[in-house]
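Here come two complexes built around subunit A, the first alongside subunit B, the second alongside subunit C.
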Partner chain A sequence: MENYKYIGQSVQKIDGKEKVTGAALYTDDLEFGPDLLYAEIVESTHAHAFIKNIDTSRAEEIPDVLAVVTGKDFPFKFGLYMKDRFIFAQDRVRFYGEQVAAVIARTPKAAKLGAKNIRVNYQPIDAVIKQLDSIKEDAELLHPDLENYVHVPWFFPKDKTNIAHHRKIRKGDMDKAFSEADHIFEEQYEVPRYSHCAIEPHAAVAKFDLSGRLTVWASSQSPHTQRHIFAEALSFMGIRHNDVRVIAPHVGGGFGSKAGVTMEIIAAAIATKYPGHPIKIIWNREREFFNTYQRPGVITKLKMGVKNDGTITALKHELFWDAGAYVEYAANVVNAVGLSAMGPYKVDNVQIDSYCIYTNLPPTGPYRGFGYSEFLFGLESLITQVAHKLNIDPVKIRRINAIKEGDTLAYGAHMNPNGLHQCIDKVAKEIEWDKKESSPHKNKVIGKGFSLFWKAPAMPPNASSACFLKFNEDASINILVSGMDIGQGYLTVMAQIAGEILSINPNKIRVENPDTDRNPYEWQTVASHITWSCGNAVKNAALNAKNQILELVARCKYLPIDTLFLEDEKVKCTTKANFELDLKDFIITGLQMEDGTFKGGPIIASGTFMPQFTSTKANPETGQGGHPNVHYTVGAAALKLEIDTETGKMKILKAVEAIDGGKILNPSLAKGQIIGGLLQGISTVLYEDMRFDHRGKMLNPNFTDYKIPTALDIPDEIVPILVEVAQPDGPFGARGIGEHPMIPAAPMIANAIEDALGIRIKSMPITAEKLCLAILNSSKTNINNK
Partner chain B sequence: MPIAHDFDYIKPATMEQTIELLNQENKRISILAGGTDLCNMLKNGFRVPDLMIDIKALHELNVIKDNNTDIFIGALVTFSELINSDIVKEKLYILWEAAHKVASQGVRNRATMIGNICSAVACMDSAATLLVHNASVHVKSVNGERKIPVNEWFVDNKKTACLNNELVTGVTLEIPQKKYASAYEKQMRYAGEDLSQSNVGILVQEDKTYRIAFGAVGPTPKRSLKIEHFLQGKELTDSIIAEARQMIETVIAPITDVRSSKEYRMQMTKVMFERGLRTAIERLNNLI
Partner chain C sequence: MKKINFILNGEKRQIYVEASDILLEVLRQKMGLTSPKCGCDNGDCGACTIILNGKSVRSCLIFAIEIDGMEILTVEGLSKNGMTPLQESLLTHNSFQCGYCAPGMILSATELLKVNPKPSVEEIKECIAGNLCRCTGYQPIIDAITDLTK
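Right, the complex of A and B next:
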């Protein structure tokens, strides 16, 4: 390993002071003066209905109500991967809570009163609530003109059905593999929908000024993608990309919910109807639950062929996704899982069918894990069940099958360097896998569960990042990038990368949240790719700056460039021990020559990065031939679970998680991601329990009845383990870890329950109630069997 | 979230003024003490009052008074004040225990126990205490004062015996004159703040009399005289407890809702009854 100064150090967060002191401003903190207006939306009260008419007359008479906007004002679709979503519902609503109209008013109170006074006349249609009902032949079609929808080339919608996309993988010879297997196991699992529950709700302020310039301030993971979608959607007004400016203040939690575009487009669109005034929309907690994105639900059917020695010979994996009313982003979750539902195993014969299904429930989309938590619940449960049936240790069966560098992936490309086997060994040791434990408490038992995980960034093959780097007079630096720090520490790590290359302490480098007018392009802060992708752009910009500096010094001081290097804000020379030039003496002003003239000038640099080996061009029937994913990040996790057998209540006594992040750029931040991510995963297993009634109305869009853990609910001990097998094309060898830590939570809890009680739970969540009733049922069954 | 409708707000300085203001038949009136329930209802439009009477200036209602045979708790006493009261901790341990499990720290700093029993939602945490301490609720109106026994106070879910023109001034809890101990058990979905899906209040006395209250497993919280009679005078052996535990199936009628299924409420009520009873006995034994 090279000796680094800032890389690999737990550098303190560069935005920490701002956040701790309260100096950090979030969208709702921004002051807009007395011109600021407020908007309130009118929500659909049906999950599926035609809109017969909308009567806005009473609302328009309310004092301080300035304008009412409906679907008629914006008769077109938008979307990231597939244009199937509307700014306001057109002739029909497709989920309960969908925006039908908006009221613009001088006060929040008048806007709310106005919205209450809009009368919408609906003609209900049969609502399709369950995804398996939605794919039946006689199911009501949500999008009858699906065949005309614009989408990316790697989606395959099925005309005149509710299937928005079907990702197929066909690898090897399934019939042969199953016939040659010693055992075949089949199981079905179910994972319901979840909500991100960022503490800051979605918020957007938009101003369309009288010259035709649109500015949007939004709590966002994707400022440039938002600008792009706003510009596309409003192009009918003659708006160009450079007329749209997105300013992204600090974000109070994203987890995928603030990726792409959801409610922000309402602000952008209605601003054009009332020019000259900033208009603010803030989602309340209820809407945060049902009108942004939810994590899609899925029913998975697995069939696995296994040899007596535990070797997996074949895997058939069918996934039926409940993707909701609009799937412009979710269809890519379905796609990503379709490519990767083989799991982190070497399997030569694979068949995957991942179906993106429309239902009359809220739209779904990206959520930390991007579908991998969902499919690994089934796969990692099944592998444990198989191990038990074959009488093989669950860790051993994973060692036998775990993927290695060079193994063939489901879509035919080869696995990147990785430390999966190291992760398995380290986790097994730390959790004392071979040691059986029992509780000293009456009514309590202890079980251990193990799970592997993997995930690749899911992104277009040409998603890119860019960076501007500017030196200041004192050799401090401002870096302009357009990723978002959503708590993960991205800004700090970008400063570390530039600091390492330029030998400047990261505390002298400012990296801040973007303004699309000033900051260069970034695709989105999603996919756990930002450290890898934007990190490469920053690295390239820093190398470019370094080269400019050294060239200038070489030229002016008549030294060979390859003898020059940067150290502690100085240029030094390997062959002249006494030579040193302070950057601050020339980085803006240039170097003075003997004749009194100056050479050089302000050092500014840029860098970009785009993966140039990726392709989604593949055979649609087999998924073979392309290279859709840049790389996979892998890991292993285990926990020790104490169960109260009378109440079903569970306590995690210890959790261990090892992840191979390549070169870890900031260990403290990486461990923070592991702990935070694992807690979020545990929350989806033990507490979060989304409910809808039969009409498609969400019953618990609030923290009273949708529980996320408090400080009282966290495990007694979490041990994060960092494994470092370098990613060859990553900055300093880094690859992403942001989403991964939450992925193994569900299967390892289900596996620990089976270890302790012999009861297999095949649906999430696994609440105390569900487990308690399962225990009661199993004891009844046991009595009956006797 | 804004409140979309207008209403008048008055903060009277005296009790007389307050009950005069309350005595207006044609007005929808809301009383503001802690406001933790009321403000949400105003924002959601579930309550649309013409007049809001803020009683926070009636300082005489902010009192916890120990009268030896009973304790008076005024309408302005918050849950945090109950938690910080030595009188409550020493003599009304069940209330001290229950108060800790009400909502979150921030809510407890404002919310009052009287507000809790006036909202009278089935999941309230205060009822078990009042039931096992044979409490009575003090109300005042222009027609004078009434004391309503707690078992008559809860009429139905969200419905009490309080008349429209009456103000609840406080509650009196009876203190047993024999040695006693108590315990509160609450079914929650996690360790953080939660509304009880069911709850059990237990009070045991040295003469082997038992008071058992069940909450959130019917429209109103209730004592179970059936189980109390069964246990009366008995030493609590494992088999007696098991028998009493089994009787619960005949005395409560839980429902299924978004918070819990009826089957789980039944199971948890049984478990909490047994655990609460054993805890209370242990506490009593530690006293003797």
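Right, the complex of A and C next:
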């Protein structure tokens, strides 16, 4: 094991002090002066309708209202992976709450009053609310023009249907595998939509100045991707990428909701219609629920062939995604799952069909876990059911089938080094899997549930990161990167990586959230790839700086470069014990030679990273032939659940989660991800329950009716376990863990319920009410059966 | 417009407000204090928590006109002479992630520790149950507060 100074240490967050003193500024905290204008949007009151006309005249007469903008002003599409969205609805609206127009005014009050006074005349069309209805022959088409939509080459839309993408995997011989299986099990599961619920709502301020320069301040996970999409969407005005500047202050939680582009494009676009003033748009909590992204819902149908000894021989997995009105981002969730719905198992015969289906509900998109929580609910439930039917222990059946390094993935490439089996062993031990437990309370029972999980970053094959590194006079460093610290501790970890290589304490390294004018390119802060990808860019920049320093010293001091090394802000020499040069004495000013001249100059370095082995070029009918994913992060989790059989109320007595993050760069931050992520996952099972009416209107877009956990709702105990099987191409062997902790929550709770009560619940959420009804029903059937 | 007098983070202040002005908006927009945040505008999330006459309250639910003659403390005021032991402890525990809930959470816990310097874990949970945090799972915050009581 290498001896590291800063890597692997629980370094304090470099932005921690800002956050505990109230100094941290988020988008809505920035000061824009008395010239600031406000915008309010007009929302669709139908889930599906043609817009007959929009009457803006009354709004325009309201004092302090300056301009009204509608779809007519921006008649073109945008989107990340598929251009299927408009800045404002054009001839039709496709979900309840969709933006139809915006009012720009001097005060928020005037903007709101203006929005209220815009009359939109609609002609309703049949709304398609359920995804299985949407794929019926006679279903109303949401996007009749789908065949003309621009999209990435790895999507396969079905013309004249509501299917925006169909990802297929065909591996092995399914017929043979099923005929040779000793048992075949078939089940169906359902996972509804969820909301991210970052506590900071979306916020954007945009200014199109009189010289034609567009600046957007936004709460964002994707400043460069936003710049790219804004520049593309506004290119008809002659705007180039470097005319657009995105500045991203602190972000009050993202979880995927602030990735890509949603409401920010409204700010960017309307600013061009009223030049010279900053214009602010803040989403209220309601809109945060129904007009950013939601997590897509899914109905999954599974068929599994199994040998008597528990070996899985075949897996057929069909996934019908309720992706909503626009799928420019969600179609890639569907794609990612299509590639990985085999789960973390070795299965030789696999058939996956993942369908991205348009519905007249809010657009869906990336949400921590990127579809893996959704499909693993079914898969990890089914494996447990299979174990019970075959009388094999649920942990044992997982050990038998769990994937290992080198095993073939569903798309034909091979599994990366990983510690899945270690994770299983450690979790089983910590939760005392073999020990049956009963509650001392009458009416209460205890069950245990187990689940594996895995996830790969889902990205374009050439998603890249870049870093600038510059020294200051005192040998402190500023690092410029364009990932976002959305709370995960990314900035701190980047400082640790550079600090390790340059032997400088991370507390002397400043890394801040970006400004696209100053900071180099980054694709997005999503996919749990930022530690791995941007970490490699920072590592490369630091190595480059180190090389410049040592090369300069070697040249000026006539020493062989391979005898020089960095230690505690000094250059030292392996062959000369007394030799040491303080970085601060020459890092900017250079080294003085005997003749009085200086050599060197300010040390500045750069580094980039892009995976060079990935490809989405595959056979569209089988999914074989490409290498779409860079690697998978794996893990195992288990919990001990206490159930009140009279009320259905559940309490988690203990939860254990082991994750293989490769080399863990900062254990305190990694554990923070596990504890926070696990609760977010638990919340989707026990508390969050999104409701729509039959017209597609969300009924509970607020924290009173859509519950997320408080401090009183947390498990009694969470034990995070870090397993470290190095990722060969990761910085110091690291791979990402940000999304993964929440993924196993739902199946392990469903599995614990079955363990305790023999009741299998196949749809989420599993609220106390739902469980209580299931208990009542099962006791009725039990009585009837007697 | 009505004139109100109040003490904000130890300083005497006087401003004019409309009867319908919300305290959170007045603090953020007129007084330039940005630590109280808006997360819901509905009394559900606690991000807008301030201390009013010694008690933690949600400033999104209060009209500015109601605070005439009262005393307000925000995290800016709390941090004036350096961090409090509570803030230090939260910092060293890496308790917060995105930090958006932090100002409200810190003020709720500050109030608790003032009246009850040795709270039990249950009392800590009760105290911060009105402050939603989506990132941390609360445990690292509870640990930082518990550590102070040892």
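The rule we apply is simple: the second predicted complex is superposed on the first by the 786 of 786 C-alpha atoms of A that agree within 3 Å, B and C clash if a C-alpha of one lies under 4 Å from a C-alpha of the other, contacts with A are read in each partner's own complex, and residues count from 1 in each chain.
Methods note: a residue touches a chain if its C-beta (ideal position, glycine included) is under 8 Å from a C-beta of that chain, and two chains touch if they have at least 3 such contacts.
It should be emphasised that the depicted structure is a prediction, and the values quoted were computed from it without experimental measurement.
> A:Cys772 in the overlay: touching subunit B, subunit C, both, or neither? Say first, second, both or neither.
It touches subunit B, and subunit C stays clear.
> Does the superposition put A:Gln680 against subunit B (first), subunit C (second), both, or neither?
After superposition on chain A, A:Gln680 lies in contact with subunit C alone.
> Looking at subunit A, does subunit C or subunit B touch more of its residues?
C
> Have a look at where A:Leu113 lands relative to subunit B and subunit C in the superposition and call it first, second, both or neither.
Touch partner of A:Leu113: subunit B, not subunit C.
> Once the shared chain is lined up, is A:Arg245 touching subunit B (first), subunit C (second), both, or neither of them?
neither
> What is the contact status of A:Thr704 with respect to subunit B (first) and subunit C (second): first, second, both, or neither?
Touch status of A:Thr704: both partners.
> Quick check on the superposed pair: does A:Val20 touch subunit B, subunit C, both, or neither? Answer first, second, both or neither.
second
> Let me test your reading of the model: by the given contact rule, A:Thr647 touches which partner, first (subunit B), second (subunit C), both or neither?
A:Thr647 sits against subunit B, while subunit C stays out of touch.
> Between subunit B (first) and subunit C (second), which, if any, makes contact with A:Ile199: first, second, both or neither?
second
> Would you check which partner chain A:Lys470 touches, where first means subunit B only, second means subunit C only, and both and neither mean what they say?
neither
> Quick check on my understanding: which residues of subunit A belong to both its subunit B contact set and its subunit C contact set?
Touching subunit B and subunit C on subunit A: residues 284, 704, 709-710, 712.
> Quick one: in the complex, what on subunit B touches subunit A?
1-5, 45, 189-195, 258-261, 263-264, 267-268, 271
> Show me the residue ranges of subunit A that touch subunit B in the complex, using the header's touch definition.
For subunit A paired with subunit B, touching residues are 107-109, 112-113, 116, 284, 646-648, 686-687, 691, 699-700, 704-705, 707, 709-710, 712-713, 767-769, 772-773, 776.
> Could you list, by residue number, the parts of subunit C that touch subunit A in their complex?
28, 32, 34-35, 37-42, 44-45, 47, 74-76, 78-79, 83, 87, 90-94, 96-103, 106, 124-126, 128-142
> Would you pull the subunit A residues touching subunit C in the complex into a rising list?
The touching residues are 10, 12-13, 15-26, 28-29, 31, 196-201, 250-255, 282, 284-285, 486-489, 668-669, 672, 675-680, 702-704, 708-712, 714, 718.
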